[in-house]
Amino acid sequence: MSDLSLTAAAPVQEDAANEGRLVRGLLIGTAVVFLALFLVLPLFTVFAQAFARGVGAYLEAFSEPDAWTAIRLTLTVAAIAVPFNLVFGVAAAWAIAKFEFTGKSLLITLIDLPFSVSPVVSGLIYVLLFGSQGLFGGWLQANGIQILFALPGIVLATVFVTFPFVARELIPLMQEQGNAEEEAALTLGATGLHTFRTVTLPNIRWGLLYSVLLCNARAMGEFGAVSVVSGHIRGLTNTIPLHVEILYNEYNFVAAFAVASLLAGLALVTLALKSLLEWRYGAELGSRARH
Amino acid sequence: MRAGELLGLLGPSGSGKTTLLRIIAGLDTPDRGRILFGGDDATFLPVQQRAVGFVFQHYALFKHMSVADNIAYGLNARKRSERPPAAEIKRRVGELLDLIRLSGFADRYPSQLSGGQRQRIALARALAVEPRVLLLDEPFGALDAQVRKDLRRWLREIHDRTGQTTIFVTHDQDEALELSDRVAVLDRGRLEQVGTPDEVQENPASATVLRFLGDAIEVEAITEGGQVRVDGRPTPVVAPAGLIGPVKLFVRPWQLQLVEPATAHLTGTVRSSYRSQGRQRIEVARPDGGLLIVEDSDGERYATGREVGLRINGGYVFG
Amino acid sequence: MVDPPRPKRRFRQPSVIPGFGLTFGYTLTCLGLVVLLPLAALVAKASGLGLSGIWYVATDPRVASALKISFGVSLLAALTASVFGFLVAWVLTRYRFPGRKLVDAVVDLPFALPTAVAGIALASLYAPNGLVGAQLTKLGIQAAYTPVGIFIAMVFIGLPFAVRTVQPLIAEIDKEVEEASATLGATRWTTLTRVVLPPLIPAVLTGFALAFARGVGEYGSIIFIAGNLPYVSEIAPLLIVIKLSEFDYGGASAIATIMLGISFLTLLAINLIQAWSRRRFGYV
């Protein structure tokens, strides 16, 4: 390589800081095949199995009243848990991102805690609180209040497992945006609430939507934690995932996959919207969500 | 601070200029001291009620609002009873857009504007609420040199036209000296001097002010009978009363003159010289190893290695 | 502005932004009621058992083998997920190919797909008569109802963690550093192993730890494919559920405490890795 020749006829030089074409192709191929086998195939299976005996058999799964109770329960739980965590997440992000105080990183760690707890343990801790032998069990029984094996318990367990979603998305986003725009609004005479509504909220709206989307997917799909606190009372305390489990264990595969396809559809919609938000509004999402 | 004046807060970075500005605006709280607006104590007045117009260094424009909405923000944020009617707000926005010469830009968004344009929008937004005092934090800091120059002149024009009491913060001496009616020099949280640009340049109150306003060399000197002597020879510099003994004499490059070594206060060897904008700048190495730069306009060539003498025609000593 | 500000210890730095008291108070209240109080109930229960009580439960052969399976298989699965996760992250950030954005979106599938749905799908795929299971059986591998099935499920749920922790760092690699290495005469392989990979190690380790922690605690996507044979393919979270259904709160709490202990150690390890990475490379 002592003489340099730069002629137009010379073949295109390989990028010095890149792998060769062959290696590149091989790596891309491996990655794509691996993802297809491990991630896409299971998703495909859900729909394949659901429609294995035709559309009629698929629809039959939804003629069962238990299926509808499960759908209603799941929607109810999400309708309570998601707004709760939305309000919590915005409040926590405001306190953490807009102010400097001692113990901030400890607070963030504590908020993140539910993500590192096994779903089953998340359910267990509520059983220890509200179960018949639990801390408040006796008092609840004496007063005729039902938390475990009922809606409140399912909601609580769902709130727990989805607790960090909104906060941990908004904190980095709001930290990155800083306080300048809020300060500008305040110097112009706006009140705190007016500032939040007209300046902060519009700035975090896409991040908020993004996190609510993920929070909702998890809330509707949570299995382990809910399974522990629900008591599996058919037609009463079964959410969609629990209903899927029961159908599957009864070897009613078509119905199980049919109901599961609802959740898989939700996952696909969530993923599509999530990707759309990332491509379209990447700069307005928390740094964690950008890639 | 006088009503209607344009005051420049000048100081090196970290000197507390921005903090002072933020305290005046009510964005930061002072550890001690008070803030007075025309005799009223505003120290504990919340930021919303101070009626200041603050222009942030990076403008802090509301990204999701159009230019018109940005400018109208302060008026729209008022309580319904104090809010001007929509037509009046629209008229006021139009006026301000004319003032900043961006009339056609009402419906644009901040991301579609250049840095200089954003700067002007930020100014219009602050002016819209008719503030008692306009505060500008490094108003030209984030702009490139040419835009900077244009905007400087333009800001002076706006000020002369509106008579708006204004404080602006800068670390650029030229900017402060060119723009301000009066300059306040800050260093490490202390106010060193307040005065007109001429005053602070001709009579700097301290070595810090002197150094900050331009290049200067330090020379060992002795004061005797009100006269400052260097190397035994008298200089035209008059020492403050009561100052006797060894002192530091600060000399600006243009207060030095190249002369024959025999009659000079200082001597040295020419290290290099170059011409720039009609003047010759000569780098002279002192016997103690120190370097100094002399400006000379008499056209004589100074070759490298030549022994030269320097006469001190002026300078400053501080007690 | 006459005196320099006195340094004063304050809980909160002063700020004009309003609403700290309200939002901070609300945050603490929610955190306390939803997260800390229930976790305290577990801690209380565990300390009631004492170390000896927990040890007694942990050394029960069935519990011990469940813990061994959970941790052992999860370790292997996290390792696999890290290797393939790195490959996927590299391919997605460094190469341009048709469908790249789609592939990128697919990586998050295990985050979005409910675990129970993933569980029954994997079970039916890898069952001896399933699409993949039938092929594996021909090769003499039985996946479903064995630790192999657990492994597959854990790789499935761990993969996004491995990809998403390294991906942003690969994207930030300064191309000029690689070019500099090339101009200095290094082969591509040398450049990769000596220049590109070392700064990525902390992120890979973090991704590994996250995938591992997730695998240990995972329940929904595993129980269907695992077959749950005691001593063979029974995982620790399932034992908690079993103990609870027998109203053995103590036993369930003991296993939960051990699992929590391990996940805290993992969390600690991640923090140490990141602290080290910040010192060594200046970023997380």
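Going by the order they are written in, the chains are A, B and C; count residues from 1 in each one.
Note that contacts are C-beta pairs under 8 Å (C-beta built on N, C-alpha and C of every residue); 3 or more make two chains touch, one makes a residue touch a chain.
Everything numeric in this text was worked out from a predicted model, so none of it was measured.
Relative to chain C, which chain's C-alpha centre is the most remote?
Of all the other chains, the one whose centre lies farthest from chain C is B.
Which two chains are joined by the greatest number of C-beta pairs in contact?
Result: the chain pair A-C has the most contacts.
Please compute the C-alpha centroid of chain B, do the same for chain C, then give the distance between them in whole Å.
55
Centre to centre, by mean C-alpha position, how many angstrom separate chain A and chain C?
One centre to the other, that is 15 Å.
Whole-Å distance, chain A centre to chain B centre, using C-alpha means?
Computed from C-alpha means, the inter-chain centre distance equals 53 Å.
Can you tell me which residues of chain C touch two or more of the remaining chains?
Expected reply: 16.
If you look at chain B, which of its residues touch at least two other chains?
Expected reply: 26-27, 47.
Which residues belonging to chain A are in contact with no fewer than two other chains?
Residue numbers touching two or more other chains: 183, 186, 191.
If you look only at chain B, which of its residues touch chain C in the complex?
16, 19-20, 23, 26-33, 46-47, 186, 188-191
Which bits of chain A are touching chain C when the two form their complex?
Against chain C, chain A makes touches at 16-20, 24, 27-28, 30-32, 34-35, 37-43, 45-46, 49, 88, 91-92, 94-96, 98-102, 107, 110-111, 113-114, 116-121, 124-129, 131-135, 156, 159-160, 163, 179, 182-183, 186, 191-192, 196, 214, 217, 220-224, 227-228, 241-242, 244-245, 248, 253, 256-257, 260, 263-264, 267-268, 270-272, 274-275, 279, 290-291.
Touching chain A in the complex: which residues of chain C?
Residue list for chain C touching chain A: 11-13, 15-20, 22-24, 26-27, 30-31, 34-39, 41-42, 44-45, 84, 87-88, 90-92, 94-95, 97, 99, 101, 103-125, 131-132, 152, 155-156, 159, 164, 167-168, 171, 175, 178-179, 181-183, 188, 191, 213, 216-220, 224, 237-238, 240-241, 244, 247, 249, 252-253, 256, 259-260, 263-264, 266-267.
Quick one: which bits of chain C touch chain B in the complex? Just the residue numbers, please.
Of all residues in chain C, those touching chain B are 1-6, 8, 14, 16.
Within their complex, state which residues of chain B touch chain A.
The touching residues are 25-27, 47-54, 56, 58, 60-65, 73-74, 77-78, 125-126, 128-129.
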